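In the two assemblies presented below, chain A is common to both, partnered first by chain B and then by chain C.
For the complex of A and B:
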């Protein structure tokens, strides 16, 4: 099978995966007990008002009708209207999704840049104190829950040293909204970003570090490294150009998958730092039976996982010509 | 249970001494509950069915979750079999209030200011007409004698007469125990005493009270930053609003009367108390003539009349004004003619209808009211809308043309992910006050912090355990009374809630002094009394201490 067929087949798989994912989401949410009117009942909604609201939301329709309607909306790029906010889901989640992406992309960027560098050096200097210490540090980081790391950072940098704000994305009281640069370009924003991003970076650091180290060890045992050394190339060149570059492949694959996983981790970090992102919105939507928002949130986050897996597959094929298309 | 008790019971039964006061041991339970005078049925029938008990998860409400465990332990000690089901809020409401699929259910009942008038507690929660799906009478309590009183109090414009009726109604509820009324929860709301002053923890609402928000004064800047553990859903007063939303909508929109800090309606846009004629069938209100809306337009009597007509057309709030048959105006006076007398009219209607600008809402179709987007939310209240971004902040600013200008120029509401994170923000100086009760550990930290302080407030609402009287086994008053004796109200308030709140035995909080009947029958934790109730009802216990119906039941 050639590259072309492989890609086509992979794209078809992608479509089927999306369909299955969407269907499971739909079924799961409709199986959840309660409906969106629940949260208003104790505030004085009468039974008649409740019936009326349920009819307005189309929840009195048979499930298959709701399913077809939701699929139709999704295909036209419309996530529907929030049951609780009564606003288009798109308006609610676009900004949240961006906030989450900016946070997690920063965290992952640092986790991978630092992780790959340290992992490569640990492999290069095997059996050194540096390597042994690095492994211990990485394992501790990997075993630490996100909320714990977040709370430790809060205690030190906010409550003790007072260097950073404790929560939110910007200092309150300023102008709200604004374009991309206004939102994410200010010093104030970076100060708010630092601790949550650091939390993510610490938690995600271990995987690339350890993986890079172990593949480095494999590559360094390979004959061609000896040859390169024998050719009299400088150590740095051998390390970076030959050993590290060849070791990076599995890390790239894992990075793509980790991006997806990090979307889930964002829920915890956003809660600890009150970050106005998708994770928090998702929790709210699930608690309030706000199906359209919850499904859109899960759908987007799940899509990142599915697409990143797809990208990982393609990247692997592209980066390593030895991979067979099967 | 110890074999000691079983053998004593066997001896007594052998002697044919059932019911001999002072001799019978405590049956079916703990070893050290004192000397009860309990015995059960001589011949046992079927075992008493398991009690399906719906309770909140610890995540939804840690205090009530703990209470549920304590209650279940006691009930099991009395001889009941208990199946505890922990639920998230929406699922809980759905199962307990809508589906009514439960035996017992531990939920709270919120005490918002409009519920300070006893009507909601006496009528909505206990009258037999409200037992349907989603109705507030979740136990399905039906008692014709009680219904008469609940109906009578609505018609009594004379407050003293109405008080007597409300008192009697509370006595009947206490006797019948459709629910165990556990405690008015109250609590502490924390604030930064170094950054704000003049806080007023209001009745039932603490810092969420209207009076607090207009009186709180920043000392270092012109801004007050208020943290709350959930998001505002909407500011459109015509949507079905949740309580936290209403607490902000009412800052922007005025009513003719506001519920005062004492819980009684006080004139607001109205110049004075309403003039009530014709045995409570006609209410006349004089409206202030010095009011403007936030966009500068005058607020006139026509706006008031328009508003009440708009409410009548509203699918969401039409029921609020459906008792008004006719409205007429003359000069600055508006007169409401009612279909039938409605004693809480001032508090629950005139005090709840927000006055809208006709020039903005005049052309909105009734069906579109709930979705109408007035992006600036123009009202006439002491605060005006400034800006809002979901999950981040809602900004209000003082409206200088109001007769009651707030003390803070800017008021910002910041939604938090949870209460402990908000307390952290308060400690870090990013918030000035919270409208939420911290967990006990955080309360200690607040106490120890020189920059922070707390105000205690009394609650109007309460935690309660409803018994589903549609089920045969809970239709028996002895069973419900026994279950109520198994609720450790005092321990819960003192030990679990760290003293926050007040034990209650009736549906109306003691904080609402005028309507609260202090002399109703009390149900404190007393497992012997519980067993005595069951014995009196003809139930008995097997050798394992499990509760059975009597053979003749």
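For the complex of A and C:
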């Protein structure tokens, strides 16, 4: 199978996965307890008004019509109206989604930069105290639930030392308008970002560290490393240019998958730090039976996972020409 | 490699080592592995505490073994409000005057139950799906693996939150939500192992003798992939415990069950994180130690099962 065919097949699979995902979503939110109309139907309504409201929401239609209508809505990015805020869900969720992306991207960036560096050094100095200690630290970090790391950092840096603000995204007022830089570039914002991002970085650090170490060990066993050393190249050059560069491939693909998986972690981290992101919004929506918002949040988080898995597959074939396409 | 401790011929004859030998074999790997030993020791302490957390009455012997928890963890006013640690309450009290140490001890049970049950069921399902998928191949394989791919597209915690919200927060539903996601990684790995075993002579000879598919799958191939399933069970325990703790922390825990995650949820709802460190730190450290012990054990098993295996989730 050629590259072209492989990509086409993966794209088709991506479409099928999305279809299955939104079908699961449809079924799940049909199973939600309580009458979906109850939030929209007030006690004083006459039976006619009630009928009219149900018809407006399309709930009098047969199930397959609702299913098709639902698919059409999702494709146009229309997630309906929030039961609680009474605003279009899209308006609520877009801002929250960006806030989540900024937080998780920062956390993952530091986790992978630090993890790759430490993992490479651990592989290079194998059987040293540094390596053994590094493994233990990585395993402890991986054992800590996100909310626990967050609360410890909060206790130490906010309640005890008072260095950082405890929650939210900025000190004054609520959501500010303005450009991207005004939103995400101010010192105040960065001070708020630091602890939640650090929490994510600590928790996600273990995977790249351990993976980088083990691929380094494989690469260092390869003959060409011995040849490079015999050529008289300095150790640092062999480490960075040859060993580390050739070890990085599996870490890159795992990074894509981890970005998707981090969506779950964002729910917890955002709750600890009251970060106005999608995860916290989802918890709030589920607790208040605000199903349209919960659904949209779940859909977007799932989409990130699906797309990142797809990217991981493509990255793998792109980065390693030796890969055979199944 | 230890995956092939039973020779192909033994397998073809349907001879599998006794379970006692199997366990002894597996325990030997902990010799000389300090992290694995530490993990095992910590885990055994938790299991002990979990079993004896509350009084156990054995009716026909007419005896009661006293529980480890000094107080009823849910009884209010055992001590004062938010008392810091003292001789009477080594870990202080909660905002309602409950004993934190007792809560911590009793909370061990939920962790053990969720961890073992969810992991066992997830690995059971995953192993069977991997086995069936690889053994029959063709359309069966296609269908099962596409389902696995789709489950890989579900975000773990958000999915669990939605499911628990729909079905209701009970320990059974929490376990179900975790299992519905967690089987996927086992299924994939077992499948690839079975694919390689399928090619080996012992399977062909069993087929030649006329053994049924079910017999070949479960009697001949399964014992060879079982060590890998055990390894995945260890990791599944870790993920289940973190998932349960996270759900409880977010307020989706079983309202009738006390767990470590729920303790931290209660500290937050009581707005006591700032002052009551004795209430915040113990449950978190317990979760960390428990999961860590499982990872340490998993690492030791990993070396045996497959030195090149890299675990990711």
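The rule we apply is simple: the second predicted complex is superposed on the first by the 294 of 326 C-alpha atoms of A that agree within 3 Å, B and C clash if a C-alpha of one lies under 4 Å from a C-alpha of the other, contacts with A are read in each partner's own complex, and residues count from 1 in each chain.
Here is the rule we use: contacts are C-beta pairs under 8 Å (C-beta built on N, C-alpha and C of every residue); 3 or more make two chains touch, one makes a residue touch a chain.
What you see is a predicted model, and the numbers here were worked out from it, not measured in a lab.
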item: Touching partner for A:84 - first (chain B), second (chain C), both, neither; value: first
item: Chain B versus chain C as contact partner of A:49, first or second or both or neither; value: first
item: Contacts of A:186 with chain B and chain C, given as first, second, both or neither; value: neither
item: Which superposed partner A:274 touches (first chain B, second chain C, both, neither); value: first
item: A:168 touches, of chain B and chain C: first, second, both or neither?; value: first
item: Touching partner for A:139 - first (chain B), second (chain C), both, neither; value: second
item: Partner chain in contact with A:92 - chain B first, chain C second, else both or neither; value: first
item: First (chain B), second (chain C), both or neither touched by A:282; value: second
item: On chain A, positions contacted by chain B and by chain C; value: 32-33, 154, 159, 271, 283, 287
item: Residues of chain C that touch chain A when the two form their complex; value: 35, 146, 149-150, 152-159, 161-163, 165-166, 168, 238, 242, 245-246, 249-252, 261, 264, 273-274, 277, 280-281, 284, 287-289, 291-292, 295-296, 299, 308, 310, 312-313
item: Residues of chain A touching chain B in the complex; value: 32-35, 37-43, 45-47, 49-50, 52-53, 84-86, 92, 95-96, 154, 158-159, 162, 165-170, 172-173, 175-177, 270-274, 276, 280-281, 283-284, 287-289
item: Of all residues in chain B, those that touch chain A in their complex; value: 87-95, 97-98, 107-110, 132-135, 223, 225, 230-231, 233-234, 239-243, 246, 315-316, 319, 370-371, 387-393, 395, 410, 412, 414, 416-418, 421, 424-425, 427-428, 430
item: Chain C partner contacts - residues on chain A that touch it in the complex; value: 13, 16-17, 20-21, 24, 28, 31-33, 135-136, 139-140, 142-148, 151-152, 154-155, 159, 207, 210-211, 214, 218, 250, 254, 257, 260-261, 263-265, 267-268, 271, 279, 282-283, 286-287, 294, 297-298, 301-302, 304-306, 309
